[in-house]
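Chains here go by letter, A, B and C, matching the order in which they are written, and residues are numbered from 1 within each.
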Amino acid sequence: MVYALLIAASAVFVVPFAWLVVSSLKPIEQAMAMPPTIFPRAHYATIDGERIEVLIDYTLPRAGVVADAIAGDQAGRRVLLTPEQALARPAELRNAHRVGAGWIRVTERLAQAESAATVPRWDVVPPEAVSTQIKFRWDNYPNALAALGGAADPKTGEGGVSFWVFLRNTLLVCVLGVIGTVISNAIVAYGFARVRWRGRDAFFAVTLATLMVPFPVLMVPLYGVFRELGWIGTLLPLWVPAFFGSAFNIFLMRQFFLGIPEELSEAARIDGGNEWTIFWRVVLPLSKPVLAAAALFHFLYAWNDFLAPYLYLTRKETFTLSLALQAYQSQNGGVQWHYLMAASTVTILPIVVLFFFAQRTFIQGIATTGSKG
Amino acid sequence: MRSVVLTAILLGIGVPGVWADGADEGRAKVRVSYWEKWVGPEARSIKAVAEAFNRSQGRIVVEVMTVSPIDRKTLVATAGGDPPDIAGLYGHNLASFADAEALMPLEEFIRRDGLTPEQWLERYYPVYQRIVQHNGRIYAGISTPAMITLHWNKTLFREAGLDPERPPRTVAELDEYARKLTKRDPQTGEITQIGFLPQEPGWWPWIFCRWFGGELFDGERITLATDPRNLAAMRWVASYSQTYGAEALARFASGFAGQMNSPQSGFFSGKVAMVFQGVWYNNYIREYKPGLDYGAASAWPSASPGIDDFGMAEADLMVIPRGAKHPQEAWEFIKYVNRNNPRATRREELEGSELLCYLQEKNSPLREWSPFFAQHHPHPYIAAFRELSASPHAQATPDIGIWTEYQREVLNAFTRVRLLLETPEAALASAQQRLEKSWARHRRSLELHGQIPTKKGALAP
Amino acid sequence: MTKRERRQFFTGLGFTSLWIVGLGLFTAYPVLASLYYSFCDYSILKSPVWCGLSNYTELFSDDLFWLSLKNTLIYAGVSVPLGAVVALSLALLLNQDVRGRPLFRVLFYLPSIVPLVAASMLWMWIFNGQVGLLNWVLTPLLEPFGLTPPGWLVDPAWAKSALIIMSLWGTGNAMVIYLAGLQNVPRELYEAAEIDGASGFRRFWHVTLPQLAPVVYFNVVMSLIGALQIFTQAIVMSSAASGGTGTEMDGFPARSTLFYTMHLFATAFYDLRMGYASAMAYVLFLIIAGLTWLATRVSRDRLN
């Protein structure tokens, strides 16, 4: 019984992911088809002697004749006529062939780049002649990532930003932020946990109190500070503050440091070490779990952050992945859903990979932070 | 010994030469960033002008970038301390940006060039002089101006028995022509063609108030509901719905709704015989309905006693945002675009404003037109637009900092009035109420910052 | 202070020096500056000028302020308790002796670490009225009753519900915390209750819940504080609907997703009314502080 519920619940949680990936691998018309299909398909048929990928238009209700008109009505085009119409003007038609009721009209499927310039060919073929197979459109991914950067003006070539730039910006912010978080908070937390000094506990209480301050309160003055520094429009506001500590991480690490036995510090003190060497040689090496957890969570937070980039970044070349994704979707011209799903998957994938490598740290980290309340 | 002397001479010549070259390379060019709203052919035209400027001197390089939406992005960039050197705002942005202190006033630059502000403004027709000012201070140059006037379909005029070369001269005539140009289906009674529709295109309902002689803002107070002539304008709008039926008009208009840029627009498809449109309309006609036999009037029909040369003006501006890194160089380019070669007799001799306006097929805001520009302009009715620009009764948006909101309120009132959902009195009164509240707040903010609006200066009407 | 104490003092200061700068520059200064700005007319391009309480009085008479507050309270008031119930239920299920617990745990947890922007895109797609997955599932279910599924993100009556449903997908985080809490409940308590003849439900009510209470409590409060500041998902979904017109801060559709932080952001950075926005920020601060205080009172009385 429990299993049934769990399986049902996990299905609800997993289906969106599955749908995300599946949609990202479909061509646009299948992505937007109703009823939806699970797997993207490709249909093949022979047109003019060539086996090519086609779109299925409709089924013929009555028998007819397909021919190329070389004169008269619709000259230069392929036409679908009733048998009587075809018999009336045999001289004007070439490649005439009978098509039966129940046959399928198919049109050549052109790649996106060609679709503007070329006229697609079509024909009517018997149903057996159409083969269908599952085909994942992997090229949605490179196309989506290119579209993410915005189309370059075809005349000047300016305006397009490579996806790698977004990735680089995001990694920069995450990695530098992690370094800053780990270093600064460890040092500060040590000062709160292992050094007895006047006013320490009051100061710590103030630190905890700041957890209650919502970001909007800080937003406007912080913007002013960064403006004075000339940092608006750069990535600096996104990672420099991490080097100056954060209340939550201080709390977390202090909690951990408090659990390290005093005797170890004492022993080092007797050996003539000062606080810094104790920190560096004794406490820090024992703190790998909490440092890893803090690093992991900050990386996650920085990767997923949207508000700060939205606030501080102005030029596309500086955008992080989340911001680039939102900017792409909100631009004029409507949304290419399959590309959007592909781009979204790309921003999610690294986190999923990270999770699988660092599962234990994740779970343990959350459990400790949440439980201590 | 000779070789030593030779070497010394060569060094003596060569070294300073190298130094000089080095110095020239060392004095790097100043890059001026210019954000413009335009895409397509309009973007190409401004880039061509920028290139002409860059070629004409070696110190400054102007780089044009297409940015959208131009007003929001410029404001955010200025607030963030990293604005472009020049921004191509809309004319109706000027008052609010100036009130926000987001723009650099230009008097200093003008004076440094040895002119007084009045002398600088003399180059423009009066209406354009007003457009670049806010509370008596100059904040912008003009890239391209526009005049809006009555366009009419000559073919439909002929069909209705009207003189195709004679547009209506008064509002009464406009209404009468509209009646004559309206056709209905004999069986269903549905409108198939209309002479005039106030909501086509419906972008500037506030101009109707000005057209009837009404004031929207007297420098101190909102006068939307208090000036009786604004009420008269709204009554006139309502009269169309009353005459032809609000639902009938809505049904009719839905047939070409949202088709502005296509052959199916009301005017192009021959469903609307007369429309107020801008100097740019000729480009659209050429693209969507080439061969359309149309006329453009050199003045609006008279709606206010004694004023028979009314016209509406708009402009695209060039401003220097506060905090721009190269304001002086930005000014050099703005100057370039705001002058012309008054003696140009050939296309290659066009400079600055005339080059830009020639490429975009618009009128020039300058008083003096070169012979080539005046005689070989691609727009068939450019002379009419020149007359409109020169008129002392041409009007642009009122100089009030809350204009975005004001415009929204007038549009809302206009829509409700023409749908006969509300009487003109009620619609204007409720808009007035909301605007008074907004204006009071805005004014209080200006007072706190010592920016109290001054009375309109001598240059304004 | 003794010599030793002084040395310790400076050592402590040394270690916490980075935080002193951080606290001062990035927290204390902004908190105080915001308070000052809230009594001023300030728009980053002009210096702040004192204007007393006028921002606050204007705030309380502004329709949009109340609307954004209402929208935010509705969202937080529904999504937080609902989220806690879902997370707790899943945790309870997983706490049973089940095989494959790690796998289930992963499946439930993963959605909560996904970037919010990407998740919003996905759910926008799922909630699409015409071609979305959800309506495709719901249509046959509702047909027998003569009902059709709503347009979700384009329907003002349902847009918030869509956001709430989306938030439930991300409760894996809380679930892990609750699971850890459940597993920390001492066995002896359960055994004692069993000996006393308590049924499953009574064991839950009298043993599990009280033991878990502090954890649940802390999480609910933190979730509430977070939910009151909802921003990213709303912006993304609203901007998709408004399609590049730059009105993403309007809370499309029909302002039903105009949330407090969004309105604050728009007022500060689009209208450039930063004094007013600071006043809004302080009101939010007071609300959160009030809630936290209330919560602490309750915890002291009830959960003792």
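Rule of thumb we're sticking to: a residue touches a chain if its C-beta (ideal position, glycine included) is under 8 Å from a C-beta of that chain, and two chains touch if they have at least 3 such contacts.
Because the structure is predicted, anything quoted here is derived from the model rather than measured.
With centres computed from CA atoms alone, A is the chain lying nearest the middle of all the protein shown. When C-beta pairs in contact are tallied for every pair of chains, the largest tally goes to A-C.
Separation between the centroids of subunit B and subunit C, computed from CA atoms only, is 46 Å.
As a whole-number value, the distance joining the C-alpha centres of subunit A and subunit C reads 22 Å. Centre to centre, using the average C-alpha position, subunit A and subunit B are separated by 42 Å. Each of residues 223, 227, 332 in subunit A touches at least two other chains.
In subunit C, the positions touching at least two other chains are 44, 269. For subunit B, residues touching at least two other chains, in rising order: 76, 79. By the touch rule above, subunit B contacts subunit A in their complex via residues 44, 65-66, 68, 73, 76-77, 79-82.
Those residues of subunit C that touch subunit B in the shared complex are 41, 43-47, 49-51, 54, 58, 246, 269-270, 272. Of all residues in subunit A, only 153, 155, 158-159, 223, 227-228, 230, 232-233, 312, 314, 332 touch subunit B in the complex they form. Contact residues on subunit B toward subunit C in their complex (touch as defined above): 69, 72, 75-76, 78-79, 100-102, 322, 441, 444-445, 448-449. Residue ranges on subunit C touching subunit A, taken from their complex, read 1, 5, 8-9, 11-16, 18-19, 21-23, 25-27, 29-31, 33-34, 37, 44, 90, 93-94, 96, 98, 104-111, 113-118, 121-123, 125-126, 130-131, 133, 136, 169, 172-174, 176-181, 184, 214-215, 217-219, 225, 228-229, 231-232, 235-236, 239-240, 242-244, 248, 261, 264-265, 268-269, 274, 277-278, 280-282, 284-285, 288-289, 292.
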